[in-house]
Structures are given as C-alpha cells and as structure tokens.
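In what follows, structures are represented as structure tokens.
The same chain A turns up in both complexes below, where it pairs with chain B and then with chain C.
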Partner chain A sequence: MFSIRGASSSFLLGLLGCDIALPAPLPAGHPEEVAPRTGGTLRYASFGDIRSLDPARANDGVANSVVIFLFSALIDFDQKGKLAPELAERWEVLDGGTRFRFFLRQDVRFHDGSPFTAAEMKRSLERALHPATPNPSASYYRNIVGYELYTGKKVPHLDGIEVEGTHVLSIRLTAPDAAFLPLMTLPPARPVCPSAGATFRDDWPPCGTGPFQLREGGWAKGQYVRVVRNPGYFVSGLPYLDAIEMHFLMNPPTQRFKFEVGELDFVRDFTHADTIRFARDRRWQDSITRGPDLDIYGESLNTEMPPFDNVEVRRAVAAALDRKAFTAVRPQNLSIHTSAIPASTPGFDPAFKGQSFDLQGALEHMRRAGFPYDPKTGQGGYPKTIPYLVYPLGIHEKTGQLVQQQLSRIGIRIELRLVSWATYLSLSQRQGAVTMSPQGWQQDFPDPSGVLDPLFSSTSINATESSNSAFYRNPTLDGLLARAHTEFDPQRRSAIYGECNRILADDAPWAFTTSLHAFEVRQPHVRGYAPHPVHSFNFSRTWLDRATTTVPSMGPSR
Partner chain B sequence: MNAHEALRKHSTLRWGSFLVSIVVLFSLVGPWVAPHDAYTSNPDRAMTDALLPVGPSIEYPLGADRLFRDMLARLALGGRLSLLIGIAASAIAATLGGLVGIVSGYAAGKKRAAILDWTLMRFVDVGLSFPFLLLVMAIGALLDRTTVTSLLATLGVTGWLGTARVVRAKTLTVRDLDYVVAARALGQRHVTILWKHILPNVAGTLLVSATLSIGQMILAESVLSYLGVGLSPPTPTWGAMLYEGQDSYILAPWLLACPAVAIVATVLGFNLVGEGLRDVLDPRG
Partner chain C sequence: MNVLKHAVGRIFWALAVVFAVASASFFLLNALPGDPARVVAGPQARPEDLARVREELQLDQPIVIRYGLFLRTLGHVANPKADAERGQVEKERELKSGLEKPKRAAHATCQRVASLAGGYEFHVDFGRSYQHRAPVAKVIFERYPRSLALAIAGIFLQLVIGVTLGAIAAAKKGTWIDRFVTSLTSLAVSAPTFLTAVLLQYLFAHRFRLLPLDGFGDTFAGHVRSIALPALTLGLYGAAYFARLTRDELITLMSQDFVRTARAKGASRLRAFVVHGLRGALLPLATAAGLELGALASGAAVTESIFRWPGLGHLGVEAVLNRDGPMVIGVVFVAASSVVIATAAIDIFGYWLHPLARAKSSN
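Moving on, here comes the complex of A and B:
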C-alpha cells in the first residue's frame, strides 16, 4: 500500500535530483504463454466520468468504452479494422448501395433473457433516433428513408427500417452511402433490451446483448462501474473475465500509485513524466502498448475571418510550424501528422508528405499575401494581433505557446486567450466568433468520411454548432466527398479521399500538426490484450494470470 | 524609533525585510542577468536525449521548463508580476478597507449615523461569508478573460473586507480619546476629524494589515494560476509554473522546487515584515 512516508521520501529524493526507479512488475502466474483461463476482475480507472450508459445518449470516449462491454452491434470492426459479423451473421448491399439487408443470429438473447429479433432491432434503432431521445449522433443516420418525417413527428415509425423476417432486417437509404455500414457499429445502432421501451428514459438500467452485463448496484456515478460476465453471451467461451471494474475521477498520479501496488491492472492516463519513466524502464517494456493514432490535432484557421480568408496566410501558417517541437510536449503520445486523414484510417497515404515546415516558404507566402516580413528587423507582417482561443491545463495550452513563438518568426502575432473548456467549445463552433484555435478530432470509425465530412464539408457549417470550425467552403471538396459516399470500390474511394487530402493540405483550413495515440501499461498478469483499431479498451479476449489469489482491495465497490 | 533601530531590535522584521529584499532584487535584476529570453523555447539546447528539459547548469542556472524555456528568466518575470499584483491589490484593499473601516467605526453608536455603520458591517459580514478564492474565481469566470488589471481589481475589490473590520475596531477606540472629543467640541468638521485625528492613529494598524495581505494576495494569484484561471500563457506566473512542475517532481524536480521556494520565501517574507511592523508600531497589541 502506498504510504505518506513513501511519497515524502520520493519527493525529497526527487528534489535532490535522484531518479527514482519504478518498482519491478508484479509477477504473473506463469512466465510463459499458457491457455486462457476464466475468472478474475480486471480493474482500471479514468480521470473522467460517465454521464450515461444508454447507447442512444452516450457519446464520449469514456462512456463508449463501457457501452461496448454491455451492448453488441450487428457488425463491428475486428482487430484488423475490417468490418466483421457480430449480431448479424452476414449482410448484403443491394440496390446500388441504397439498401442494406442484415441476417441476424438466431441464438442471441438479451441480458434479461428475451430473444433478440429483427423487430427488437427496429425498435432499438427507432428509439435511438426518436426526436425525444438526446442522441447527439442522430443526424449521422439522416440518410435512412423516412428520417425527416420520423424526427419531425409526422409518422410513428421509420419507414426505411423494414423487418423482413424474424431475423432479417433491411435498411433503405435515400442515396447510396459507402460509409453507412461503419455507422452501424456506433453505440446508437446497438440493440437494447425490450425493457428500454420505444422512447428514451433517463432511469432505464442499461441492458443489451454484450459480453458483460450491469447488475443492480454495479454503477455508482462519479465512483465506479462494475460489469459482470454475461453467462448467456452468444460467443461460446467468452468473455474470460468474471468482471471489469472501472473507477472514475481518479487523477493520473493516483492511478500510477495504485497500479504500482497492484490495485489497478491497466493504466492509460499518465502524466508526462510517468510515460517517460515507464517507456525507459526495460523491465516494463513487455507490458507497454501504444494505441492507434485515432485523433488528429491541428490549428483551425477561420477562413471567413481576416487574415485567414487569404489562402496565402493560411499556407504561411502551415509552413511556419515546426511540428517536431510539438511532439516534445508529450513524446509518448504525440506524433507528427501533416494531413487530414489519420494514419490508422484506410485511405491514408504514407507517401503523401502533406504540410511541412519550411520557414523560407512561409515568409514567401506572407509576401504573396501582401504582408512581407523581415525577420532581421522584425518589421512588417500582419499588422494586427490575432486572438487565439484555448482552454487551460491541457496539451493545447502548451502547443499554443509554441504556435505563438513560431508564427512570430513570420510576422504573425497571436495572443493566447484562456477560457473555460465550455466557453472554448461554444465559441469555436460559432460563426464569426474565433479567428484561430487549436482543434482535435477523434474519429468514431476508421473511415475518412468520419473525419473529412464533419471537419471540412460545407454541409457541416451552421451558425452556432459548426463542427467545421474553420468554416471552410470548397465546392470541389464538397463534390469529392459526396462522390466518395457513392463509390463502393475501395481503391477508387481511396483515390477520391487522397485527392481530398491533397486539397486540404494545400488550402490549409487547418495547419495539421500532430496525432495522438494512447500509451498503455498493464500488469504482466493481464493476458490476451491488444489495442483495438477503434475501441478504447479492448478486453473482449483478455484474461488474468495472477500469481496470487489475494487481490489488493480497491475499497467499497468490491 | 527609527528604521535602523527597529531592524536591530526586531529579528522578525529583520528576517522579513531580508527575504523581501532578496525577492525584489531577484525579480528586478533576474530578467536582465538571465542568459536566455523568458518566452523563447530552445529544444536544441534545452532538451535532453530523454526528451526532458535540462536541469540546472551553467547555461541554464535554474534549468529549463516543459517548453524548454529558461526557468531563471521566467521565475524572475513571474516574481515581478507577483509583486506587482500583491502590492497593488493590497493597496486597493487597504484603501477601500481603511475608508470603510474608519467611516463605519466613527459612525458606530451615533444616533442617525449608526445605520451607516450597520449597513457597511452587514455588507462586510456577507462578503466574509463567501470563501475568498471562490469569490475571486466566480468574478474571474464572469470576466471570461483574465488580465493583470482585472486580476488586480478582483483581488483588491474582494480583499478589503478583513481590513475594514480591523480598522473599524481600532477606530472605535481612537474616536473616544480626549483629543478627538476635544476636536469635536471645538466644532471641527467630521471629515477633518477623520483625516487629521483618526487616520494618523489607525495608520499603523492599516499598514500592518496591508503588509500581511500582500502575502495573501500573492498566494491568491498563485492559486488562481495553479487552477488555470489566472493570466493567459505565455505570461509566466508562479502558480502556473507550480502546476506544470507537479507532475515531473521526480524526473525534473526544479520545475516544482523553483516556484515553490519563490512563493514560500515571498509570502513568508511579507508575513514576517507585517508581524515585525506590528511589534514596532503596536508593542502592546
């Protein structure tokens, strides 16, 4: 158990400049690979909290990571990032991509014992898309026939969702959409028990078809959630774990202390210093995994406001940023990334250079924009100071200071304006409110449409809640994005997105800078874990090989 | 008793003055003698192979910060800011608190004027019932953007309540002294009595209270910066530097130690000076 005395001595040794080594990893039951065994509780934590476990409402990373334990989908991404059957044994794409027919498994039951059928799937989807449901992702499904009438309360059911048999469901779209299948992996498309009813209820206890289920008392908001094995799970022999416990609102240093003494089995929220300590300790190397680069970061340049309504100024910004310095802020989590499509997404072309650091080129762009700048005298450049909206205490507060330093070298002076997270979100999505701000995007599914449509399509612009924070309008790009939705051939689709990527790198509505990946450390007794290309915590085949049956206590939740 | 004699007799005042002098000197001279600019990152020279900022060395006497900037220059600049905010906010608070305290104390117990004392003191009671930092944070959130001026105003406007209480109590004892009664009997105007007879006699109390509050103001500014509601970066503030350093205390202890020592030394210094002044000005108190 961590003691105050231990902490004090660590601190004093630290002040004296002594590098305090990490403790050795706790030994596993077997040093070598053995067959998976069933049992045990896997414990991890998050500095965040969960607002809702209803798949129709949950839309943040922490909640979604638990939602996938409780709710299975018709189809889901496999370990290689390919769509694979789950509740649907197979599916067909018909009528030129406007109809999707799913053949459901017949051996699936909900956690409450009721059978899973096509009618239940239709009810679940209608519930998730019902106008009274606070579903932030509902508009993703606007392509379903009858969506407007249904959400406008003109009709009681969604015409586009048809029950063709007890275990056959088809969904009709108004136009072909190659990106529709990935949408069926998202939480709102995961079926919920009949007890959920036809409309959203805030007090409904989460119940689905997933590998784990939530029992009464298993969730204390702001404290923990404990999900236990679903004995009726449709995949024979899985899951291996008896239970998974996730503790909330635990700051990174506390997580690390608890991990060191064996009270946590898996940690992802590390301080900068702790990532370095684990990364350079040889004894821990076999227990470290790095997740895929799902998030992209960049500097959003409002193309409707001066000076960024001038493409040459945007190009100057993109060329002036030395991205190597950005990665030093969180070396174990940030990588240089210079284009719009995340590296882990199909359609990403590693040969494409994207935007790159070129100080002389940036000065030339400033000259072409009509704002020549002489670095020797400091004369010239853009004459006004540009406000840069940022929230406190995050990565962006630090990278914002680097942006400020680096842009001053080409005559662009920015002033950091620190506002609360809520103000930052609200203002940066409002038209005409913010000239420049740091932005990030975590894609919901590994498809370029999941990034490019919300961030750069003109259809994503609206006056108050614009996910296109650069308010970028380009008819050519809009045309390409629309074409990509109707193109089902993977190679031709990749080529279209490659062209989009080139346009965005050149037009620079964002100066792309870095991508973020998770740095995870697990106890050696955590076996069968591998980072998933989409899901945050992939414990579907994880099992525990503890050396001892005595498990340190985590407090009242146990 | 002159200043030299006071310093000789009172060790508290001596040590406090010494600490304050060191901090003031460091803050004034530090940015000039620091080998690097406080705002410029230099990862080429200030980053180790382990991707950490360099520790104290000849080139970087206090090491470098997380963005590979000179800690010495940033600490000294942060000191200027802390001293400015601490002293100016205390001056605002002392002026407001002194004014309210004197008026309230002078009016207390008088037939018609007592309502003024009652109103002012109930206002002070209500103000004191709010936790100081919470009040400051709430005002800061309303302003949406924190600047030196807004921080000064916020700390000054919320920091006078305690001073008003102390000054009122002192005024209550002074106003009944013979020379004040005599001045009143001679028909002097209230403003003249307050200015010429009451104020000089409560000035010592006011000075002690103001000096003690400088440390509290500096601490409050540091707490606000630590919580992320202080001045915007890249302005160096000790609180923000403390926040940045807390995660790295094992690998880069100077990030935490430098601002922590600076805050402790400054707050301790001003508190000792305040205590010393109290001993000098009010030996019986």
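Moving on, here comes the complex of A and C:
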C-alpha cells in the first residue's frame, strides 16, 4: 500500500517539478571526536504501533524494541550474539542441565527506587506465567518444575523458581534443556517493579530496571512514546542519551520528509523507491546499516495433501524457484536464503548450499513424481490447479506472483487466493485446509531450536493452530531435535542442527527462499550506533553529536 | 406539535437503526473466518498460549452468551459506589476461603454518559478492546471529539470554498470562469485524498514549513496548526461537490419565476442572487453538509492515517483488520449513531423549514 502511495506521490511531485532528490546528510557537530557526549533526544518512527509495554504481554517487534529500553534481563545477548551477564553477574548450569543458578548484582534498583532482589525476580516470573496473564509466550517456560500445577491454578507459586539468597535465584527444569538460557533474555523473563504486583493489570505503568524509564504522560497511545534516562541505571555512565522518542503510525513518505528536515534522526521504513535512492547515493553510504537477518521466508508445502505428499514434487518446487527474482521485490531488505536456520543463528553453516535453483533438476523431479512436463509444448505436469493462500499488503503478495510464474515452468499451476491477515493466520495453520502458502518466521532468540522445533517438529502439529504448517513428520528429525536439547557442547550441538538443516533442505517441507533484514539510515550526528544481532533499535551506546543546538520540534519534545 | 411528533418518531427510528447495525456487525464479525485471539497472540503463539488468550478475552464462550453480555452491558444504569463495596465483600469472602479469582473491577470498561439521582449513573459499555487492552468506550470517547473536530473543520472549508466557487460559476455561467471552475472541481473530485494529502504535506509542511507534517499537537494552538492540513485535504475534496451542487442549484433557481418577479419588482441582480437564489439553495446544501458531517465524524480513515490525526477512522479500519470485535462494534455504533443523528436532524430541520411537508403531515 505504501509503496504504491509513495510511487504515485513521487510521480506527481515529479510532474509538478517538485524536488524529490535526496538532500545531503545533516553534518555531525564534532566528527573528529570519538569520546561519547551525553545528552539529547534521539527520535525515530515506525509505521506500526504498540499495544502494550508490559513485558508479560508485549509480543511484537515494535513493542519489544521499546521494552528493552525499560526492562533489563538477567542475561542478554551481547553485540556478538553471545550470552552475557546483565542483572546476573554470573550463572551456573547444574545437575546435568536441569538447574540454572543466577547470582544477581547487588547494586540494582528499579525505576521506582526499590531494590532488585531474587524474590522480586521470582515474583516477576510468576506474574508473567500466571494463568490470568495474557502472555502469548508463557509455554516457552513449561519445562520449569511446577509449571503445569501453577498454570492449572493448583498451587499459588511456581516451585521450580527458588530464592536461595537475597541475590541468588535458581530455576529447576523437568528435563535438561540447552536452549533454556536464551529464554531468560525474552521480555516475560525481565523483572518488573514491585508496583506491578503478582498478577497482570492492563493499567500498570511500565517500570523496570532498564537504562530508560517511562514517566507519566510519556506514552500517548497511537502517537508516540518517550522514554527518559534512568539516572540510577546500574551500568555506570550509560546511557548517553537523555531520551528516546518513538513515533507511531507514521507512513514512510512522512518519515522521509521528517528525516530530511532533522525531525527524525533514524529511519527504517522506506518506500521501495527511497531505499534505492539512499542505497545509490554516495553521500549517505557511511550512514547506512544493515540489520541482522532475523526473519526467514519460504513456501510451505503441505506434506499431508497432494501433490506435496510426494517428496519429489516438493523437491521440484524447491529447485524451480529462482530466489534472485524474489530479492528484487525489496532489494535492500531481502537476501537469498536456502535453508531452515537463519543466518544470524549459531549453527548456521554458510558453506552449506541448501536448496538451489535448478530448472532442469526441477523438471527431473517432476518426471520422477509421475508428472513429466514438456516446457516446449506446455503439455503434462500436475493436472490440477493448486490453491495458494496469501494475504495482501505484504511482501508475500508480490512473491506469490513470482511463485505462480516460476512454477508454471515445471507444470505446476497455482491460483492465488487473497484473504485477510486474520483469515490467513487461521486457515494456514489448520490441518487439511491449505495446500500451499507463503510462511515466515521471526526468531525470538538466536538458537536453532527456536525455529526448527515450532516449524518442523511433529510435536508442533495440531489440528488447528499448527505452527508446523507443512504438517511435516520425520522421526529422524524429531530425534535429532530432541537430542539437541540435551546436548550442552556447542560444537556437537551445531553438528546436530547441521544434520537437521540437511534433512530439511532435501525433504523440502518448505521451499526456503529469502531472509529479511532492516535497511537503516541515520543522520551522521547519530554516533555509536551498531545493529544488534538480536534486538531492533539498539541504542544502548548511541550518542548524539548535533551540529546545531536548535532541534526542530515534533510535539512531545517541546 | 407536529414537528415534535415527527421528531420523536425519527429519534425512535434512529435508535432502532443504530441497534440493528451494531447487532448485525456483531454477528457478521463472528461469522468471518479468522481468530481474534490468534491476531492478539501473534502468528508464532503456541496452542496452549492461544487458549489462555482466548479464555482471557472470553472468546471461549458461545456466541449467544457473548451477545447476551454485549446487550446486558451496552447501556445500563448503575451505582458504581455500591457495586465496588459489594465487590470488596466478595473478594474478602474468597480470600478467607483461599479461592480468590483474578477479576476486573465492576464498571471497569464503562463510560459514564450522565449522572442520575441517588448516586446512580448511566453508562455505556462496549467491553475491552482485544488489541488496545483498554475499555472501548474510553478509547472512543477520547477519539470521537477529535474526529468530530476534523469533520467540522473539513466541512467548514468545504462549504466556504465550495459555495464561493459554485456561486462564482453560476454568476458567470457559460464563461471561461464557469468552465475553469467546473474543470477544477472535476479534478478535485477525481484526485484521491491520499494524493491531495501528500501534495499538501509536501508544499505546506516540507517545502514552505508553514504547518506541521502530521500529528495532533500538545496545546490548543498546536491542535489548530495540526488540523489545518487534514481539514484542507477533506475541504478540497468535498468543496468540489459543494461547488457543483451550488452552481446547479443557483442556475436552476435563478431561472425560476419568483426570481424573475423579484427582478421585475426592482430587486438588484446581487440581491436576487443572494436573497432568493442562495437562500433557496440552503436546504440541499444543508442536507448534503449534514450527511457529510455524519459520515466524517465517524472518521476519515485515509486522511487521519496520513496525518496521524488520532481520531476514529484509523481505529475502525485497524479494528476490522485485527478482528477486534468490541472495538469494531463500538466504532460501528458511534458511526451509525453519527449518520443517523445527522440524518434525523436534517430531516427534522427540513421538516421545520418546509411548510408544505408540515401541511401534508397534518392532513
């Protein structure tokens, strides 16, 4: 929608002789200096909105990016994607991977001044997992001892979370889990102020231990959120910024206009035309960053429904797709990706080729499947038209047309069925409902289990709400996925996931196509910014070096 | 008396229409495929988490029960103080028995419309938004005045620009001015509002920096500055319609016998034009303006989205896309009420203005 709007407005503005060329970047005040300066308000925007800033409920990318400003975690991923101490100074993995002990910092206080202790951490976790809390990822923590009893309202506390001292907390699991520590970085595991109480409340004002805090009036829903520096932040000297403002529901052309005049410092939402303009303009090259590939996309092939119950047809689809054409839909945001593990995840092997475009190979797979196709005459192929469920206003609406065009070259004819996002979500995960659909997955944390378990394990198959949308069952893969959870040696674990990746590329429950990353442009006065491998909008060490002290006003900062 | 009788009849009819529209939207929304809980929880939520969200949103209840709850609370008289005390007693009893259940405070999602005698109040309650996690009535009562303000500002500009252009075109009928105005109105009517909006943003906010690009503003002056461009967007689009309506009405009226008689009796051309012509065009103009006000007051979705004007328009579209049932019903209720009230008001106004209609009714 926005690209059409952007393109048409550019066209008309061009006709009227208006200048749509990019202006020069606004210069930094002291480009020669490297020591960070303190102060200033960094402003950026999103075309999306946030519904909640309560870490027990926030579950979308935009909200999570603000949640990390307000709420610190016991441990978090560092700039290299490794787990690092945060509120916990250190941790131990005990009892063969069934007990995790965290030694908490003793100098941490919540935004309201109250001390952060192991008891507060236990209360926060119990609040997030309480059966009355609308937490959409509570079940990630179901391995904690006593989870079933607690969420079944049988006991008042979660037994598996033990306060061993004022600043020592243990979490016991029912079975060893090598993927448990990354779960402690997610929003529901971030401690909340005592004012949040033991149960979820919609009207609780967000309050945590993060580098920024939310003051009264700082969040105008549907308009902006303004977080200000937490003077009691436990990391000395940080953050450098006085405040961060994020504006919502702002369409890409408006973001560009505001960015040009200095009302925004950082932009990620562009029209297609503007990404090309910025990417080609030499003056902006030092101000462009590429975010991590957190999302993978592919074509889900329902292995329970014909013709995709035949592995040769699935292999034919995987070989018939020319991924390069897919990336042309958003050249600055899409990369070719041909396997199940995202490139930013440990265990991803860049040497592994995965699925690849091979038209002759695809025709051979069709022949083996019993559907030979002659491209010269157009005779043969799969005799029925395959419905392809897709929703409008996204990348998939465009890539779906490419799928249709490219599969017709091997005798697979598909019909695009456009439905609303809500209908798509409901139908594409219902057993026996959809033969083929585009799918994507955004990694919650950089661990292969976070992608492979929900998408391809047979334990994720359900009659409805099946995250395994290909309804793919492979006992060998299931065994490997289970084994990976009990393997704590990183190399051996990587080898297991490498084997999983090979099985999935060959069995092709998905034809993997692309991965998505952010295309970010900042004004040169935004210093110290580097994309984080996990978190969007990582401004933890960002500072401002404006050339002028006069900042164009935008509303809340006045 | 006849006017009053007519007005009462129209009001009852209006209430029935609003109720029917809200009920129809409730059932239609539930008939659509797609799970609101799935939209709330996100595409990656697991079945057990979805079940938890579904229970929390009461989506696990049969549709008839949910409709009953909707009807029971939609409009009601309550005594919040007494209800709160009763709730506290119940909570203490549950605490003693160790069976305390998390529950929401009484009237937590209500919006007080009027205070009655004896501590009683009249409330409306559309429930809690699935997406916003806030009482729908509260969100709507906060946003409706903003949409109404934009609608009034937009219609004011539509009338000022439209009537002026229409009157000039009618006065200069058949000349190049008439042709120019007619062409201009064709262009304005044809241009989609998003294009007009982006052009106005580019010219007035980006190029000349006279007005804010978007937003709502913090102060009264800020609101006025922020409303200018969205109101002008709506104004330009609607002005074209009013210009054509005014022109056609005036040309027709100016050729009527009573105008010729007025001129023969010595009235100047200007007086005949203003007093007899424009006054005669008042009723169709008021009818059109009233209907437009009713429609715009429930939100001009595209214009509000582009200018980030926090009114009802974007809220309604977003609610439909997200299957946010309570919010859809709330917005539909307010939208239908706006249109119906505007229609009824015009009808009563027209009835009052038109002696012939009153005479027919009394016969």
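Please note the rule applied: the second predicted complex is superposed on the first by the 534 of 558 C-alpha atoms of A that agree within 3 Å, B and C clash if a C-alpha of one lies under 4 Å from a C-alpha of the other, contacts with A are read in each partner's own complex, and residues count from 1 in each chain.
As a convention for this text, a residue touches a chain if its C-beta (ideal position, glycine included) is under 8 Å from a C-beta of that chain, and two chains touch if they have at least 3 such contacts.
Everything numeric here is computed off the predicted structure, so don't read it as measured data.
Of the two partner chains placed around the shared chain by superposition, chain C is the only one that A:465 touches, whereas chain B remains out of contact.
Contacts of A:488 after superposition on the shared chain: neither chain B nor chain C is touched. In the overlay built on the shared chain, the residue A:325 is in contact with chain B alone; chain C does not reach it. Of the two partner chains placed by the overlay, neither chain B nor chain C lies in contact with A:352. In the superposed model, A:60 makes contact with chain C only, not with chain B.
Considering which of chain B and chain C touches more of chain A, the answer is C. When the two structures are aligned on the shared chain, A:223 is found in touch with chain C, with no touch to chain B. The intersection of chain A residues touching chain B with those touching chain C, taken from the two complexes, comprises 13, 16, 253, 419-420, 423. Of all the residues in chain C, the ones that touch chain A in their complex are 32-36, 38-50, 52-53, 56-57, 102, 128, 131-134, 194-195, 198-199, 201-202, 205-207, 209, 212-218, 222, 305-306, 308, 310, 314-315, 321-323. Residues 10-11, 13-17, 19-20, 252-253, 271-274, 276-277, 280, 324-325, 328-329, 331, 392-393, 397-398, 400-402, 404-405, 415-420, 423 of chain A are the ones that touch chain B when the two sit in their complex.
The part of chain B that touches chain A in the complex is made up of residues 39-41, 43, 47, 50-52, 55, 66-68, 141, 144-146, 228-229, 231-234, 243, 247-253, 256-257. Partner chain C is touched in their complex by these residues of chain A: 5, 8-9, 12-13, 16, 18, 51-52, 57, 59-60, 130-132, 134-140, 142, 151, 199, 202, 220-223, 247, 249-251, 253-254, 257-258, 260-261, 263, 419-423, 425-427, 441-442, 444, 454, 462, 464-465, 467, 554-556, 558.
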